[in-house]
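In the two complexes below, subunit A is the common chain; its partner is subunit B in one and subunit C in the other.
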Partner chain A sequence: MKRAPSLFFYLPAGLVFSVFFWLPLAGLLLESFRPFTPGRVGAVTDAPLTLANYEELLTPSFLEFFTQTLRISLFASLVGLVFSFTLAYWITRRMSPRGRAIAIGFFVSLMFLSVLVRTYALELTFGAAGPFRAMLLSVGIYPNSRGYIEILVAAGLLHYIVPLATLTLLTTIQNVDPRLFDAAQTLGAPGWRAHLSITLPLSRDGLLAAFLFSFAFSISAFVIPMILGKGRVLFVSNLIYNRFSEIADFPSGAAISVVLFAVSITIVYVTTRYVNRREAV
Partner chain B sequence: MDRIVEFHDVVKRFGQTMAVGGVTFSVASGETVSLLGPSGCGKTTTLRLISGFEEPDEGTIRIAGESMKGKRPYERNVGLLFQHYALFPHMTVAENIGYGLKYRGWPKAEIPARVAEMLRLVQLQGFEPRRPPTMSGGQQQRVALARVLATSPKLVLLDEPLSALDAKLREELRLELKQILSAVGSTTIVVTHDQDEAMSLADRIIVMNRGCIEQEGTPDEIYAEPRTSFVAGFIGRANWFCGRLGKGPDGAFVTLTTEAGSTLRMRAPQKIDDGKWRACVRPERMILTRPDAKSDGRSDNLVSGNLVDIVSLGGEIHYVVEGADGRLLAVEPNRGGPRVNKGERVGLSFQPEDCVAFPLAEA
Partner chain C sequence: MGRKIDDLFSGLGRIMNGFIVCFLAVPLIVTAVMAFDARSYLGPLPPPALSTRWFSKFFSDDYFLRGLGVSLELALITVCFSVCIGVITAVALARSNSRARELMTTLFLSPLIVPPVVTGFAILIFLSKLGVVNGFARLLCGHLIITIPYTIRATLNGVLGIDKSLTEAALTLGARERHAFWDITFPLARTGIICGGIFAFVVSLDDVAISIMLTDAKTYTLPVALVSSMRANFDLTLAAVSVLLMGLTLALILVLEKTVGLNQVIGQGTFR
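And then the complex of A and B:
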């Protein structure tokens, strides 16, 4: 059989995807254009369409949620990428096969640990009431200051980013021929410069994938900023939750969700384009 | 003559394994030396020791008179041509060749001219913007060579330089490689398990086995005067006779009485003992004759057997003879087809000067 499988075989997956992904998304999109009726859960059916929910998002206090989410996510993703790349390199090139298996097992099992457990553990250890409180205060860091909390949220995100990105990068680094690094050295490039000019560019696709995974995970994070942010640092997801559940403003919550979705897709598109364009030149 | 490479009692172990067991040799300026041996003989470790990827456990390595102790690969001006080229796939040909120039401190403005010069040397003018993955194996090999030679390294190491290419291309590139290397006058070490590669490229061959040097010499010396049975067996084809040695009629020759009862005369080894010996005769030194051919006054050795196979390789014909002393091979140039028919009884005659005996215990 040389023929491509007929459309028929794609039907079940397509159907499920349409019903459970596209349909709710369309509902959300529609809801985001409806006016909010206080005291009512969800907009009135057939209410006239409006852009009011989107206009509201342009006010500085709302924009702040987006910039904050993006800033902390970007920071955590980039830091995570640096950690993960070095870790993945070390695991693939320096460890014995046995050590490698143990390391991979460790990272995989980390993913099974509940996000709640890990986030509370971080809060217990480094939070405002943690054992480091006195030490932090003595060097002039206030555990309730905004900067510190932001770093704590980033640390929470890194808990997920590092194992995920490391596992992604393992195969990437495995596929880079180690002799290229040797060749660079015999041509006079010291170790780190050989890595910068050879290993890193050749890991481009893997780095991009790992970055996008990490970034997508971060900007949609909910539990981590909720617990570690303590209301001072809130991500867009927290705002969406707040809209939907606490004041029951479904149209506004829907509008924020749509914008977050659009922002994510734009970032993926632009990043991928940018990286691939640089390769083509 | 200046010595570019000096190895003195170099030992390298990996755990319990002795990869290089006390190796001493030197390479003179402008010379091409081949390290030849089977896989696991220590030649690749020697190469890695020279290029700085491994440090010796004992002994000293000097390059151009300078001790290499603690010198990282990028601190040695040693060019290494990798077996599978190791070209950087994300860079153009020009960037590949320019890579070493950049890190060896060439002025940026001079790099394009040098790259063009190197491409001319390997006959790939105008290939600057190409990317290695779009090029053929032979072209990639040339780019790799240009990249190695661009920085004028004190020493060029070639790691199985032609083994990744097909037979015909290999022949062509071998000649070209030799021309290019002598044109730039580089000092070269060719590491290979392929004796043709070693013989054709090198002025001198160092045969290695089990981490040690078995013999050093010109290709002709190694082939005609193997000093150990390993060398005799590894370089070229050989016919072997096993037996015990006895004193010959004159001092220069001894007799070997084989297990099958043949008596062969051969050159006397330096000392003789009562143990078992094996003697080696090159197939092209064996002359196919009639089985009852009387030696024509000159006391040539003669063994007989049945001609069991004839293999014509175009340029030469291989006669496989099964006799009392086992299976023997005679190779003659093809001058109008085989002289004898398969299944006939034939004799093989050869001169005592062409037999070299080794004590069997050594093998």
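And then the complex of A and C:
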């Protein structure tokens, strides 16, 4: 029984990833330390290294983009978590098997539906020219106000977060033994307290994983803020794209990319560590 | 007292769930209705007359059709490469010891946690330094990187789920390793492979963040074309495209349900 060496099998993927992913990422890091020459696409190859592109990011106008991205993402992830948990609980414990199958089909279909289509649908329905315009105006909400646009961007994120987080949490809730909840109720705890001391703590890892995924998705979102934000709410991703498309400032775009990359990786790392540590205990 | 609070919470939960389902479904329904709107401007619902003018407009628009052509060609080529590479890598991962497997899996799934815009921008800078200006080649590179993690993960789930003793039995009975792979491993891993392929197709067809960086003047994907015309003007051709894409999604879901079963896609818990 001679086994072919595994290394050989790693070759195709290893090659593709080295050339089109890891090397480009290394190049991006290098580019971020190069000075920007106006009118030139990409930095001069042997230009001296500089920190100027990062210093620029510390100005208040740039920090504003980061805080805005984090603020809206955090809001959408937390709201999404509450929505998804109630939905997942309802589907697992309150629905008939048939209803459950329909609900799961609905969420899986949504998950596969193009983000672009959903974003367009939200803009068409709730945007400034949509069918609800008169209704919004009558309750004193201006569809072009900044607050409304921010909520619309969060709604766009939620449209993606809720189906995926609900599907993730279904498994989590299915793994919580319903007999524990019944026992708590039999012993006299009202339903809300039984949930607070049984269902929620036992779902903690699933909730954390869902939150991590939602937050990481949100801060790197691109199309959703681009279309629903209408240029007034910009996420960090949009800023990177603008650096490239409007002024072709590659070094600055690279520096912003490196920061966004670092933030995403940190979030993933911290949460995975936290979940693993809890599992080990 | 406790009872009353419970009823209140349960009622609130019900209302909230109804609200979320509406929030998820209503925009899609509105878009589907507006796609058949006969008016040439955005007016209040429901439309006074229905027509398929937006669909015919889409199918006579060269700009969109070109994007659609590129998107489909790109998605199909991407899926072929991505599935092949995914299967080979998943086999390698399944054979490695658990430590090496963990490390390599993290490495190969890393594109999933890097923001797509960053990946696109990195590839753009790298390929322009190398002098690769062909739009299709650049798009293919980008799409491979974002789809391979899905095919690796789906195939690996399929391969790891196979009882090892089946392969061992085949080998004991005198099958060569190659035969054991094609006769035992491959058929049993098929659901995982199909799942991965469908994921890769959907991801490739829907991507904007990476494609928008790597297109050239003549080679652009449908989503990129849609985004740029969305920013220019708001006409209902886009609603018609959305309806077509919704139809495509439903078709894919049906294929998935028939071949794999939706429960397989999302996994199952213990206490249902």
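Keep this in mind: the second predicted complex is superposed on the first by the 247 of 281 C-alpha atoms of A that agree within 3 Å, B and C clash if a C-alpha of one lies under 4 Å from a C-alpha of the other, contacts with A are read in each partner's own complex, and residues count from 1 in each chain.
Just so we're on the same page, a residue touches a chain if its C-beta (ideal position, glycine included) is under 8 Å from a C-beta of that chain, and two chains touch if they have at least 3 such contacts.
Since the model is a prediction, treat every value here as computed from it, not as a measurement.
J.: Quick one: on subunit A, after the overlay, do subunit B and subunit C clash, or do they fit? Just give me the call.
T.: Pair status: fit.
J.: Classify the contacts of A:Pro38 with the two partner chains as first (subunit B alone), second (subunit C alone), both, or neither.
T.: Touch status of A:Pro38: no partner.
J.: Which partner does A:Pro190 contact after superposing on A: first (subunit B), second (subunit C), both, neither?
T.: both
J.: Which of the two partners, first being subunit B and second being subunit C, lies in contact with A:Pro60: first, second, both, or neither?
T.: A:Pro60 contacts neither subunit B nor subunit C.
J.: Give one of first, second, both or neither to describe whether A:Ser264 is in contact with subunit B, with subunit C, with both, or with none.
T.: second
J.: Now for A:Asp182: first (subunit B), second (subunit C), both, or neither, which partner does it touch?
T.: First partner only, subunit B.
J.: Between subunit B and subunit C, which one contacts more residues of subunit A in the superposed model?
T.: Ranking subunit B and subunit C by residues of subunit A touched puts C first.
J.: Let me test your reading of the model: by the given contact rule, A:Pro201 touches which partner, first (subunit B), second (subunit C), both or neither?
T.: Only subunit B is touched by A:Pro201; subunit C is not.
J.: Contacts for A:Ser237 in the overlay, against subunit B (first) and subunit C (second): which applies, first, second, both or neither?
T.: In the superposition, A:Ser237 touches subunit C alone.
J.: Which value in Å is the smallest Cα separation between subunit B and subunit C when the structures are fitted on chain A?
T.: So the smallest C-alpha to C-alpha spacing between these two chains is 6 Å.
J.: With the touch criterion stated at the top, can you tell me which subunit A residues are shared between the subunit B interface and the subunit C interface?
T.: 177, 190-191, 193
J.: Spell out the part of subunit C that touches subunit A in their complex, as residue ranges.
T.: Those residues of subunit C that touch subunit A are 1-3, 5-6, 9-10, 13-14, 16-17, 20-21, 23-24, 26-28, 30-31, 34, 42, 44-45, 84-86, 88-89, 91-92, 95-96, 100, 104, 107-108, 110-111, 113-119, 121-129, 141-142, 144-145, 148, 152, 171, 177, 202, 205-206, 208-209, 212-213, 223, 226-227, 230-231, 234, 238-239, 241-242, 245-246, 249-250, 252-253, 256-257, 262-263, 265-272.
J.: Please output the residues of subunit B touching subunit A within their complex, sorted ascending.
T.: Checking each residue of subunit B against subunit A gives 51-53, 72-74, 76, 78-80, 82, 84, 86-90, 99-100, 103-104, 147, 151.
J.: Please give the residue numbers of subunit A that touch subunit B in the complex, ascending.
T.: 177, 179-180, 182-191, 193-194, 197-198, 201-202, 204, 279
J.: Within their complex, state which residues of subunit A touch subunit C.
T.: 1-4, 6-7, 9-10, 12-13, 16-17, 20-21, 23-25, 27-28, 31, 41-42, 83, 86-87, 89-90, 92, 101, 104-105, 108-110, 112-118, 120-126, 129-131, 134, 155, 158-159, 162-163, 167, 170-178, 190-193, 216, 219-220, 222-223, 226-227, 237, 240-241, 244, 250, 253-254, 257, 260-261, 264-265, 268
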